[in-house]
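For reference, the structure discussed in these notes is given below.
For clarity, chains are labelled A, B, C, D, E and F in written order, and residue numbers in each chain start from 1.
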Amino acid sequence: MATIKQAPNPEDNPRVKAVFDDIRATRKTDFVNNLWRTLAFDPALLESTWAEVKALMATPTHLDPLTKELVYIAVSIANSCSYCVHSHTAAARAKGMTEAQHAELLAIVSLAAKTNHLVTGLQVPLDPVFDAGASS
Amino acid sequence: MATIKQAPNPEDNPRVKAVFDDIRATRKTDFVNNLWRTLAFDPALLESTWAEVKALMATPTHLDPLTKELVYIAVSIANSCSYCVHSHTAAARAKGMTEAQHAELLAIVSLAAKTNHLVTGLQVPLDPVFDAGASS
Amino acid sequence: MATIKQAPNPEDNPRVKAVFDDIRATRKTDFVNNLWRTLAFDPALLESTWAEVKALMATPTHLDPLTKELVYIAVSIANSCSYCVHSHTAAARAKGMTEAQHAELLAIVSLAAKTNHLVTGLQVPLDPVFDAGASS
Amino acid sequence: MATIKQAPNPEDNPRVKAVFDDIRATRKTDFVNNLWRTLAFDPALLESTWAEVKALMATPTHLDPLTKELVYIAVSIANSCSYCVHSHTAAARAKGMTEAQHAELLAIVSLAAKTNHLVTGLQVPLDPVFDAGASS
Amino acid sequence: MATIKQAPNPEDNPRVKAVFDDIRATRKTDFVNNLWRTLAFDPALLESTWAEVKALMATPTHLDPLTKELVYIAVSIANSCSYCVHSHTAAARAKGMTEAQHAELLAIVSLAAKTNHLVTGLQVPLDPVFDAGASS
Amino acid sequence: MATIKQAPNPEDNPRVKAVFDDIRATRKTDFVNNLWRTLAFDPALLESTWAEVKALMATPTHLDPLTKELVYIAVSIANSCSYCVHSHTAAARAKGMTEAQHAELLAIVSLAAKTNHLVTGLQVPLDPVFDAGASS
């Protein structure tokens, strides 16, 4: 089930090998998951996608690593990306997500979806106080 | 822009008044935003929605209050709920979200959307190691 | 707020006039709403869209008229189409939707969204009994 | 394909057993489908989700049981929840949905999606008459 | 994994046979894919869906055949329709899409998704110059 | 209606000024639209977003400039991003999109949405021939 056939030896391409090596070094594991193996069909797209993911998700920033994964899972659920839900749930577990936090994440995501649909059905008018762009 | 006309004096209904009073007490403010004012057309729906939001978002749980708001914003963006994005961004600010954290949240949400669409376009096959339901 | 400028006198075009006349006759009203006025920029698209809406929504079929509008509202909410939510909520009211039914519709739509997100977050495996295509 | 491993004997937990017993009694069947078996990992989430589904979908309310399932299917399609489409299509059949009604439901859902996207592409301005919140 | 069981010999129905024959003649192949085989359960829905797809996608129009498939893939990705992504990627290849064009399509679709989410998170106000409906 | 207040003189920041200058030079216009003016609150996010948009949309690549805008509009419609639909429709017009092509784009986007929902409602099984990842 893929629209691109994975090359049997993607690392024969030195640009692909360089990205895979960096993924292994950054994540401290030999495992390179299928997203990167599939993206290897286009080295430029592979390089730019990994660079962006690494800079935001594998580098210390303003939000802690687990919070970032929880946000990533939330978006992936709302966008119905099955692979992404699986891979980022695994990543969140690796960063310390407990079962109770997982359950709570799912409760918040599904509550947000519920009120999103409720608000869209009601077409609730914006309270002026919420408009940061309003002149004051 | 609404599909329901707000009642001019919703708190004439004691069930509505009880919910509004609890919103004000819980949030320590006199302000009751339009979601609740619109939901007042059906007291049962108002009560159950507020009870669920209060239990999850206004009560100490396994995730900290700001993380919960960030997740809520992420889902609201992915579901294109304009009102919800506004109201939960305001809530996140009230709970301490800095401008740098806001920018990073938006960067992660939009990166997740990018890789969600990339994965769906590629139809990346699931790595067996990500399947928690697999027999081992 | 439109990507197409409405023509000032769209019915100068006889194909547009024929569709508008049919809309007025079918709905027994002089009012032609903005969807049709905007679509008038391309008479062929206007004709095919109206023909399809009329055949399904304004003709007796296997589902009753109100049920059809409720389904239409539900999809429009999930697809975040503000105009569509407004116009089909008005249509449902015209076909007899009570305020209690409206509240219940919104409760079901938002509950469905909640469990949709829960199921996608859990990646619940399909029960074999639900697969109509399974060989038996 | 799941992000949570189902426990082998979930009913060893009395809270889980109580919910499963209520599902079997309410639906008059021994079958408990995978949504509930997966949710069993968090008894509180299992209890609250079942309570909400039971109150709305398995209790007489303002809309008839089949109409409620049709709305549920519609939302599940628009949210791309494969499992939900399967389980609620099965539920609708159990509540009497004929093949002709099923075909018509799919025709309406897909027509709504078509006009949703058309309206969003055109950015059709709201007719003032559709705004229930307008002052009159 | 289907909500409708495919009939073993759908072409025993002359209406279904006529559509399948037209699909084979139009596409110059003996292959009739599962969408049409599944839709065969309702000949009227099969006929109207094929007529619409044929008129737009298999007939010379204002946009070239490959561009039309690229747009179709883009929408199918954004709507998370796995089958549609697969079938229209195959169709685009048959119409000459190169591997470099495929990679670029995916890059644009995912960039659009990224800025869509960024804009929705920022709730960027519309520049008046973009409003085609504005009076001038 | 924004979640971020635009700075009155964003170009006082030299990083913002450099990006705005590049936007004006690349597009050969003095006009800098609100997306960039809003993103100016975070210069790093502004820089990376513009760099990506410029590289893909304002540089000769494998797909022609108009095709790229049509794909961008298609995704923006499916993701319900009103601002994005407006801005990229304006961009497509600037790159030569005719009214007939615009109508056809909308017809294809809405037909794709229709069959996306039909396929998801039917849960059509994948034809093995569409699976590029299958071993042969």
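We take it that a contact is a pair of C-beta atoms (placed from the backbone, for glycine too) under 8 Å apart; a residue touches a chain by one contact, two chains touch by 3 or more.
Bear in mind that the values here come from a model prediction, so they are computed numbers and not experimental data.
Both chain B and chain F are touched by A, C, D, E. Taking B-E and C-D together, the chain pair joined by more C-beta contacts is C-D. Taking CA atoms, the transformation carrying chain C onto chain F includes a rotation by 120°, reported to the nearest 5. The distance from the centre of chain C to the centre of chain E, with each centre set as the mean of the Cα atoms, comes to 20 Å. If each chain is reduced to the centroid of its CA atoms, chain D and chain F end up 33 Å from each other.
Our note on geometry: chain D versus chain E, Cα centroid distance of 27 Å, whole angstroms. In chain B, the residues that reach two or more other chains under the touch definition are 1-4, 75, 77-82, 85-86, 89, 100, 105-107, 109, 111-118, 120-123, 125-126, 131-133. Residue ranges on chain A touching chain F, taken from their complex, read 1-6, 126, 131-133. Of all the residues in chain B, the ones that touch chain E in their complex are 73, 77-78, 80, 82, 85-86, 105-106, 109-118, 120-123. The touching residues of chain A, when paired with chain E in their complex, are 1, 3-4, 41-42, 44-45, 75, 79-81, 133. On the side of chain E, the complex with chain F involves touching residues 1-4, 31, 33-35, 38-39, 49, 52-53, 56-57, 61-63, 67-68, 70-72, 74-79, 81-84, 86-87, 89-90, 98, 100-101, 104-105, 107-109, 111-127, 129-132. Interface residues of chain E, counted against chain A in their complex, comprise 80, 82, 85-86, 89, 99-100, 102-103, 106-107, 117, 123, 125.
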